[in-house]
Each structure stands twice: as structure tokens, then as C-alpha cells.
Amino acid sequence: MSSVDLNADLGEAYGCWRLGDDAAMMEVVTSANIACGGHAGDPETMFQTTQKARENKVVIGAHPGFDDKQGFGRRRLPLTVGEIERLVATQISALMGAAALARATVAYVKLHGALANWAAEDEGIAQANVNAIRAVSPDLAVLAISGSAFDLCSRRNGLRTYSEIFADRAYDERGLLVSRSKPNAMITDENAVVERLLAFFQTGKMQTADRGAVSLRADSICIHGDTPNAHLTALSLRQALEKGGVTITPFVN
Amino acid sequence: MSSVDLNADLGEAYGCWRLGDDAAMMEVVTSANIACGGHAGDPETMFQTTQKARENKVVIGAHPGFDDKQGFGRRRLPLTVGEIERLVATQISALMGAAALARATVAYVKLHGALANWAAEDEGIAQANVNAIRAVSPDLAVLAISGSAFDLCSRRNGLRTYSEIFADRAYDERGLLVSRSKPNAMITDENAVVERLLAFFQTGKMQTADRGAVSLRADSICIHGDTPNAHLTALSLRQALEKGGVTITPFVN
Amino acid sequence: MSSVDLNADLGEAYGCWRLGDDAAMMEVVTSANIACGGHAGDPETMFQTTQKARENKVVIGAHPGFDDKQGFGRRRLPLTVGEIERLVATQISALMGAAALARATVAYVKLHGALANWAAEDEGIAQANVNAIRAVSPDLAVLAISGSAFDLCSRRNGLRTYSEIFADRAYDERGLLVSRSKPNAMITDENAVVERLLAFFQTGKMQTADRGAVSLRADSICIHGDTPNAHLTALSLRQALEKGGVTITPFVN
Amino acid sequence: MSSVDLNADLGEAYGCWRLGDDAAMMEVVTSANIACGGHAGDPETMFQTTQKARENKVVIGAHPGFDDKQGFGRRRLPLTVGEIERLVATQISALMGAAALARATVAYVKLHGALANWAAEDEGIAQANVNAIRAVSPDLAVLAISGSAFDLCSRRNGLRTYSEIFADRAYDERGLLVSRSKPNAMITDENAVVERLLAFFQTGKMQTADRGAVSLRADSICIHGDTPNAHLTALSLRQALEKGGVTITPFVN
């Protein structure tokens, strides 16, 4: 019997601006990556979102990103590794402060946007993030892109590390994401998405873009939350997985 | 034998902008109130300043203020008590994250500017700040304006509370600061400043503006750090106190 | 034959965050109050919105507000009158720069949120805004709340001034808005909204909260844009007015 | 008889933070590049600095840079050329708004920091800046690094373009700056700085790093303002140039 976690980015509001339907998504996912005031979020949002997550029994992850609301953390800013350590440590901690007020606990860290992509491909940036997390609390788990530099670095440094996959992204023969610049990077057919995932959970091997199969770690599936009706797509995926015998449960308890 | 702490606001830089001479002040004071990224400070500044404080064996306090760099936290922003709780909890925690990277510890909280003044006079604002501090960590001490609403509220809530006085401000018969709008609010003569303080530490009574005397708590003296040569004035005060038999030592250890 | 302008707040996005459906609203209103980067807006938003307004032949107004995105300009910040002059002059000008790139023209100024409310009731704040507008360009028109301090101040200073009314707000016997704190401040029935407006355009007198009638200036009707389906409500109001013989046309050309 | 302008970056304050001694520098330079609220500056600073410049008869230039106060505009942010157009147009215009209140005029544009360096070496970025300037006002002059891509692009587009040189930087045989990464990039001896400049103004040829000579345009000399005693170094350079027969006068009137 397989089990997997579903995670989504939540709390990505700023002031009166909202992104996605957090309340609906809270009922589908088991883990919430909550923005920490860098690419999105502010003290109110962090508090409200950690509080809602606690009430919904959704596990809370800190979701640090570049301090760039105008670019939503999607632009790679030229920070040094030291600056990244300080950026990430202060953001995780800020969320912990809001969570403390909400009587909630931050259980893990998942990087956001351009910072996540950089740490996925660059050893030094991966290490900077690991350093920040470990300094804040060695009890924090890490949720990393399966097989990425950050995933490997986090494991090597002894952090409790979990790997996430993407339901609608193609994988290559090494178990890594096919670049979005390639034509076959995305799986757009919803049935194909579900079939591939169910096959993966039955066999332990992910079908690759070139029709092969590869072993990869998959503790969690990343759910996109910022498109209209994202929660409906997510719910439909969750139900298909459960119907196929996969238990949906948080990767940390 | 009397003893007292000397505290100053440090780490009030932002990016490449500096305020005061932190390195010089670190050699004079025993406690540093370090900006938390609201009215001043950023991840780099928080890290560098907590690191320097640790190296200089200066006790570290979080110094939260309104999220208003343009106004340096000196403007009273119309936040609700709930918003103040979230503001203060996230700021203290952010500094803790930077301090963790610097292998330093945040020992206490002192409020900044307009937030401090509001909490000094308003019971509800005082309670919001107490709530935030207690949620982040009940081990945090509080440094409050002697006799202020925040001082009393913090004690009543069971936080380890210490009271600060101002070397150059006049006191009234209740032990409270004479308003700056009054003509005799400031003691401008340096000798008078030292004499009054020494008399206070010998007798336990502070001379008041109307030539009376009043008992007040004084665990720390607040040193201004943002004027040119502030560290020289501070050093001269420290030496005068020591010469007068007052030991300069942190209020928390 | 009566005619009136319809105005709405547009361009109140920030980075990837959106507020309301600007494209739909552009097809209903004749004047667009465009955020200037203070309470909302950034260079991209200002450019895109002025460009869309030009394409839709919607007249462009600058919509300055407090520099407070977290509070969306709805909190009254304690600025001096001089600071307000500088705030407003730089915001209007910034929008002009974006409009210049979009080959569009800023024709008027309407104040936003807490700044608008302050200028509506305080003579000094009204004058500061007038000073800012006149310094930037004496050719700028002003759109002010009918009968407010800002409306009167702008006229007294010789600026081309137009007055706006609110379709769903009650008026008192002086032609001023009934405070929102009063129970009868809002007209919630849509038919009543239309009937009152049509009666006003036929008779020139606005029905008051206490069943009387008052003359007031009404060059434009303010349309709310930030609720879901706001553009449908707006369209339905526009059609009802046109059916009732009121021509919808910009107040400036 | 030769003449040249002296320019310096001024108004690079933010809130209560100051950078350099603007008042002293205003008495030495003939042109002031004034920050526009991106890398530094805010409405108050822009107003105060344009006002002081007018009083001192110093010509005013807009000094736009990346919207990145924490990095002081020294980090190259990954903006598109379109985004740079909007950034620069809104910043120049914002300064114009502040200048209008101060009854002062913005006469030219000089780019700041990482934006200036990018435009100096990249044709597309240079063109984006030219587009922004021309859209705001074709009457604005441009002050560009002598021989840079931006300098050439601005001339080719028909803007009134002036070229600046650096007193303490070495030049190569093409008349371009020797990269700072090279050992001989800086001229550290003050006498050598003056001698080279005087020789240049007498012969029209700049001595190069490899002891040759090259013709280059030099309408203005850039003076650094952010080091302690920068104004004394600047004054001493000005006096040496005047003693050597060079008239110090603005490049635009």
C-alpha cells in the first residue's frame, strides 16, 4: 500500500491582495508551504495562514524566497551564499514567530521560485540553504525537488529530507525534471497525469519522457494553487489517487 | 554597592546606509537593542550586529518597531492590537534567526520609537506586545521604560521585566518622564547629568524636576547612539559612573 | 438632457497580484483613476493600465495615495502637509512618465483612500494636495468628492474641478455623504439606487436620507471595482442610466 | 581655453539615513545627479535636494537606478528591456514632480550603478534607457560614460548627449575605462590625477594605461561623493583644475 503527501504554496497574499483560494486548498492538501514575507506574505498573512493550517490539520512548511514582492520571488537576484543564509534564516524564523502566536508549529522548509531553482542546480546555493535551516533548528525537515542538488545536499548534511515530484512534469532517465524549454516538458492530459502517477505508485518506477522508467523518491506531490479552479484540479487528482489505492497523508507528523 | 546596565540602539543600518558607530558603542554598552528589519535593519545587518555583539560579550535584545523605514519607526501607524502582536512576534523571531546563524542568543526585547511610546501610555498596546513576546518565548526578558504602562503590564504578566531610565531626561514626582513638550524636560549640562545619576545610585531616589525626590526602578540606562560622538559621551558617562562606585554590568546574564 | 461620467479605480495591481477585472471595467467606465505606485501599482502596472485606457478611449486620472501597499492606502499615516505635497507630486509625475511611454495623457487627479478622506474633511490637507497638483501641472483637472473640503479648496484655487457622487451612498441635507457609521448610510437595493439617480438627473436635486432633496454637483459617478462581478453591476447601472436618458461621457475631453 | 563640468551623485539619502555631505558637495560641483526613489531617495529627499541645487545654482540631473534600496542599485536585476523603460521613465518623472514643487528643473539624466554599467556595455539596455528618456521629454540631455554603448546610442538617437570621464580611472587605447579587475585600473596618487587631467585639457588627448594617448570626449568629470571628506578631495581637484586654466562650468545651461 503506497502513501504520499500533497503540498501546495499557500499564504501568498500581500496586504489586501490574494493569490489562489487558500481555504479551498486547505481541504485538499496535507502540507502547506507558507510564504515568509519575502516574495509574498506579511505578518497578518503568516498568522492567518498558519492558524488556518492548524485548524485544518495541515502540516506547515516555511516557504522562503527572494525578498522581491514585485517579482514574486521568480527573478534570480545576485545574492552571495552568505546573504542567502541570512535571507533564509530570518524568513523561516519570522514564520515561526507568526506560527507561535497561532499556536502552530513550522515542521519543514520548502524553497520558493527562483531560489528553489538555483538551489536545485547549484551545490553552493544548496549548502547555503541547508546552513540556514540547520542554524534555525536542526529539527526542521526539508522538502526538496526529487534528485536535485538541494535534495542531495540536505540528505548529505543529515537533515530529515523528503522529495517532491510534480504531477504534470515529465522526467528524464536520471529522474530529473525535463526542462520547461523542451516541447515534452509538460503532461497536459489529465488522464495521462493520473495514469502515470498510479503506475508509479504501483511499480515504484516513474515513466520517463522517452518511454523508459526510472526509480525516484516521491514523498510528496506538488500541487499548483495559483490558477483559477486549482483546488478543483487538486481535489480531482487526490480522489483519483485515493481511488487507485494511494493513501494521502503528510510526510511529517 | 550599586550596579546598572547601559543599553543602546544598534544595528540601525539599512543596506549601505549606516547610523551611528556601532563598533565604538559596542565597547561602551553592556546591552544592545538590535533593529529587527522593521524601522531599520535587514538580514545582513541583523547578522553582522548580533555577531559583533557576541564577540564583544554584549547582551542582545530584539528592538522591534513599526514596519516603516522611511519614518524610522517614529510615526505612530494605526495598527490594531492584533496587528501589533503579529508585527512584533515576527520581528523578534527574524532577529532570532539571524542570531542563530551568528551563534548568538536574543535575551530580551526593548520596543522602538513610536511603538515604545504607545505601549508606554496605552494598556492595550502594552498587552499586545507582552502577548507577542510571550508567544515567541516566555524566556525572553523585557526592558521597559521605568514605570510605564508597558513596564507594569509586563511585570503583571509574569515576564522577567527590567526598567530603564534616561540619563538626560527629567522625572516627575510619580517617577515618570517629564514630557518633551515641557521646557525642563531635558538635562543639558553633562555634570548635572552625572551628579543626578550618582545621587540616585547612592540614595535610591531620583531627583525630580520640581526639586523633590522619587523612588524608581533603574536596571539600565539608555544611551543615545545616533548623534556624532555619541560613543564618546557614552564612554564619559560610563567612566563617571564607575568612578562614582557604580558597577556597569548587564541586567541579564 | 443630462450627462455624467463614470469613474473607477483601476491599475490597483502590484507585481503578479491583481485587484478587480480592469479589462472588463475599461468597457464600462469613461474615466479611470490609476494607482501611482503608492498604495498600489508599479511601473509595469502603470504602463499597462495607461496603455489599455488609451486603447479603450478611457480618460486617465492619477490616483495618488499613501505609500503603504500593506495597508492599501486605507490607513491615515501621520504625514505633515509638506510631506503630503511631496508624496502627491511625485506620484502624479511617476504616472505621467508611464503614460508618456504608453503615448497616453494624464488628464486629472483623484485622491485615494485615507488620503482622500483626510483631504475631504481637512482644509490644510486639501490645500497640500492642491499645491502638489498645481506644481506638477496647472492643466490637470481635479475630481473631488462633491461638496468636500477638497472640492471647495480646489475650486477656490482655480483648478478645473469636477465633483463625484456615489451611487449607493446616502446624502444629507447639506449634500454631503452620510457617515458610514450611521445605519442608513448605504442604499443596498439596486432598483432604489437607479431610481434615485434618475430622479436626480431629471430634477437636479438629490433625495436625502431624511426624505428631503438637495442640490449638489455631480460630474461623475464613482463605480466600485474591487468586488467580484463589479463590472456587471457597473454595466447594469450604466445601461439603466442610458435607458433613463442620461448620456455617459467623460467629464474632461 | 578649456572648460569642464563637475558632477556628483547627491540626494542618496533614505528616510533619516544620509550618504555623504550634500551641502558641502553642492558648493564644489556644477551638476548634481539626484536619486529618484529607486536605489535611494524618497519624496522628501528629492524635494530637499532639488531645492538646495536650485539655491546653489547647481544643474539638476535625474539619477535613476534599479528599485533596490537594500542593494543600493549596485546589483544587476534581471529586468527585461521593457521593464527598464518603465522603471526609468517613472523615476525621472517622479524627480520632475519633486523638482516642480521646489521650482527647479531637471535638465539631464545620468544612470546609476548597475543600470549604468549594463547600459554602458549592452546595446539593448542602452536603447531602453534612451527610449525612456525620450518618452518623458526629448528636451532632457544625457550624461553618459564617455565612449560607452549608452553614450553612442544616445547620440545616434539624437538626444543632446554629454560624456563624462573619471578623474581617478585609467583609460585604454580606445578611450574606454580599464576594468576595475585589472591592477592598474585606479590612479591613486592625487598629483598624478591632476597632472593627467591638466595634460588632457591642454592637449585634448588622454594618457592611456600603456603610456599612449587617446582622444576622448569629456564634458564632465565624475566626482565621488560617498567617502568621508569626499568634498575636500573634490574641492582640491576643482582648485587644481582652475589654477591650471580649466574653467569649471555646467555642461547644460
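Going by the order they are written in, the chains are A, B, C and D; count residues from 1 in each one.
As a working rule, a residue touches a chain if its C-beta (ideal position, glycine included) is under 8 Å from a C-beta of that chain, and two chains touch if they have at least 3 such contacts.
Here the structure is a predicted model, which means the values were calculated and not measured.
Shared contact partners of subunit B and subunit D, listed by label: A, C.
Among the remaining chains, those touching subunit A and also subunit B are C, D.
The distance from the centre of subunit A to the centre of subunit C, each centre being the mean of the chain's C-alpha atoms, comes to 42 Å. Centroids built from CA atoms put subunit C at 45 Å from subunit B.
Each of residues 70 in subunit C touches at least two other chains. Across the complex, subunit B is touched by residues 67, 70, 75-78 of subunit C. Residues of subunit A touching subunit C in their complex: 13-19, 42, 69-72. Of all residues in subunit A, those touching subunit B in their complex are 37, 43-44, 46-47, 83, 85-87, 89-98, 100-101, 131-132, 135-136.
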